[in-house]
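Note that subunit A is present in both complexes that follow, paired respectively with subunit B and with subunit C.
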Partner chain A sequence: MAERFAPGQRVRVRVLDAAGHTRAPHYVRGHAGTVVAVHGHHRLPDDVVAGAADPRVEAVYAVRFAAASLWGSGEHSVTVNLWDSYLSGAESSHV
Partner chain B sequence: MRLNDVGGIEGFGPVAVADDAQPFHADWEAHVYAVNVALLRRGVYALDEFRDAIERMPPKDYLDASYYARWWYAIRRLLREKGVLDDAEVAAGG
Partner chain C sequence: MSDEHHHDGSIAQQVRVVEALLEERGLTDADEVDAILDSLGTPANGARVVARAWVDEGFRARLIADGNAAVAELGFSMARGPQPQLLVCVENTAEVHNVVVCTLCSCYPISLLGPSPSWYKSEAYRSRVVRDPRSVLLEFGLDLPARTEIRVWDASAETRYLVLPRRPLASEGPNEAELAELVTRNGLIGTATV
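Now for the complex of A and B:
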């Protein structure tokens, strides 16, 4: 199964308003980060919990965000595992 | 957005990171852990459903509950919802 993104690519998280369970924390929604790893393919938790008969199986990416871009300050980074559906698409490669 | 999604929210105080190397601090916590592993491995519910059940706790109860108290709530709720136990059986089991 092909992945949409590769390590090193910039991606942006969709602005989601999930009513139910999701693994996309609110503090990364709308933010851009860099893919640092692909963690294989896994069932989309949102679908599993919604009782979907055939939950989507998607690539899960480790996406690294600069803390300053999330919180306004900080020299560190935050890495979040995000399913493909949570990402809107590639961004230009500025950091 | 659910109540568990607190990353970046101020006011909860510092995170306690002291490691006393004790996985459990009471016997009941170990029992809750074991029951959950057994139910997951039997396929009674999926890990995602377990996380979802914790997130569906009433907000005040969620904030008041300890880590394993949230697990115990989720286990009982899922056993009712899956039809494994009825309300009376859950009540009798504490």
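Now for the complex of A and C:
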């Protein structure tokens, strides 16, 4: 199964306002990060929890965010696992 | 972090009430609950993985490249839950320190670490460690050098993370089993050095 993004690419998390369950943490919504790895393909929890008969199976990416971009300060990074649906298109590589 | 600062969600409180009622009516007891929890896995499993990686460079490389295959060499499986989980081992170095959290709930590599400690599930840990890990680690007694890069891993999906601590400098002599004794649960989560 092909992936939309590869390690090293900049991606942005959609500003989601899910009606039901989702596993896109609030604190990364709207933020840009860098894909560091592809963590396989998994059923989209939004579909699974909604009881979909045939839940979408999507690539899950490990996306690294600079703390300063999330919180306005901090030298650390936070890496979050995000399903493909949670990401909009690729960003330019400029941070 | 001490217990009185924990503010668990209402589900945790409900579970405690249900467990207390079951014990009160003689339907189970604390020993039975503990025995079931112990059968799920213990931090000694993760400690064995770490000790092997410390003494066997080939194993260490395989563990970083493919955690699931490497732990299977020691008889451990990440496929005992409702769905197989991807195991990603993140290695501490002189430059990088890793720490694991699940901000959305309490995802945790139970087959390698056993049931998670209560602080791991607390809202205080989950909300603070992504924002200010250095302060949180200091509260655990872990004072990292200012130059150390801290990487927080939010196990928000199907991946489970295991931290590979740095081998203690004074541990050149001990054998693999003795090394495993040095490894703590907090070390495997990243809230301690070993």
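A few comments on the model shown:
Here is the rule we go by: the second predicted complex is superposed on the first by the 95 of 95 C-alpha atoms of A that agree within 3 Å, B and C clash if a C-alpha of one lies under 4 Å from a C-alpha of the other, contacts with A are read in each partner's own complex, and residues count from 1 in each chain.
Heads up, the rule we're going with is that a residue touches a chain if its C-beta (ideal position, glycine included) is under 8 Å from a C-beta of that chain, and two chains touch if they have at least 3 such contacts.
What you see is a predicted model; the values in this text were computed from it and never measured.
Applying the stated clash criterion after superposition on subunit A shows that subunit B and subunit C collide. Judged by the touch definition given at the top, the superposed model places A:20 against subunit B, while subunit C stays out of reach.
Within the superposed three-chain model, A:62 lies in touch with subunit C and out of touch with subunit B [touch as defined at top].
Note on subunit A: of its two partners subunit C and subunit B, the one contacting more of its residues is C.
Once the two complexes are overlaid on the shared chain, A:39 sits against subunit C while remaining clear of subunit B. By the touch criterion defined above, A:81 lies against subunit C but remains apart from subunit B after alignment on the C-alpha atoms of chain A.
Of the two partner chains placed around the shared chain by superposition, subunit B and subunit C are both touched by A:71.
Counting contacts as defined above, subunit A residues 25, 27, 45, 70-71 meet subunit B in one complex and subunit C in the other.
Chain contact summary for the complex, subunit A toward subunit C: residues 23, 25, 27, 37, 39-40, 42, 45, 60, 62, 64, 67, 70-71, 74-83.
Subunit C makes touch with subunit A in their complex at residues 86, 88, 103-104, 130-134, 149-159. Those residues of subunit B whose C-beta lies close enough to touch subunit A in the complex are 1-2, 5, 7-8, 46, 48-49, 51-52, 55. The touching residues of subunit A, counted against subunit B in their complex, run 17-18, 20-21, 25-27, 43, 45, 48-49, 70-71.
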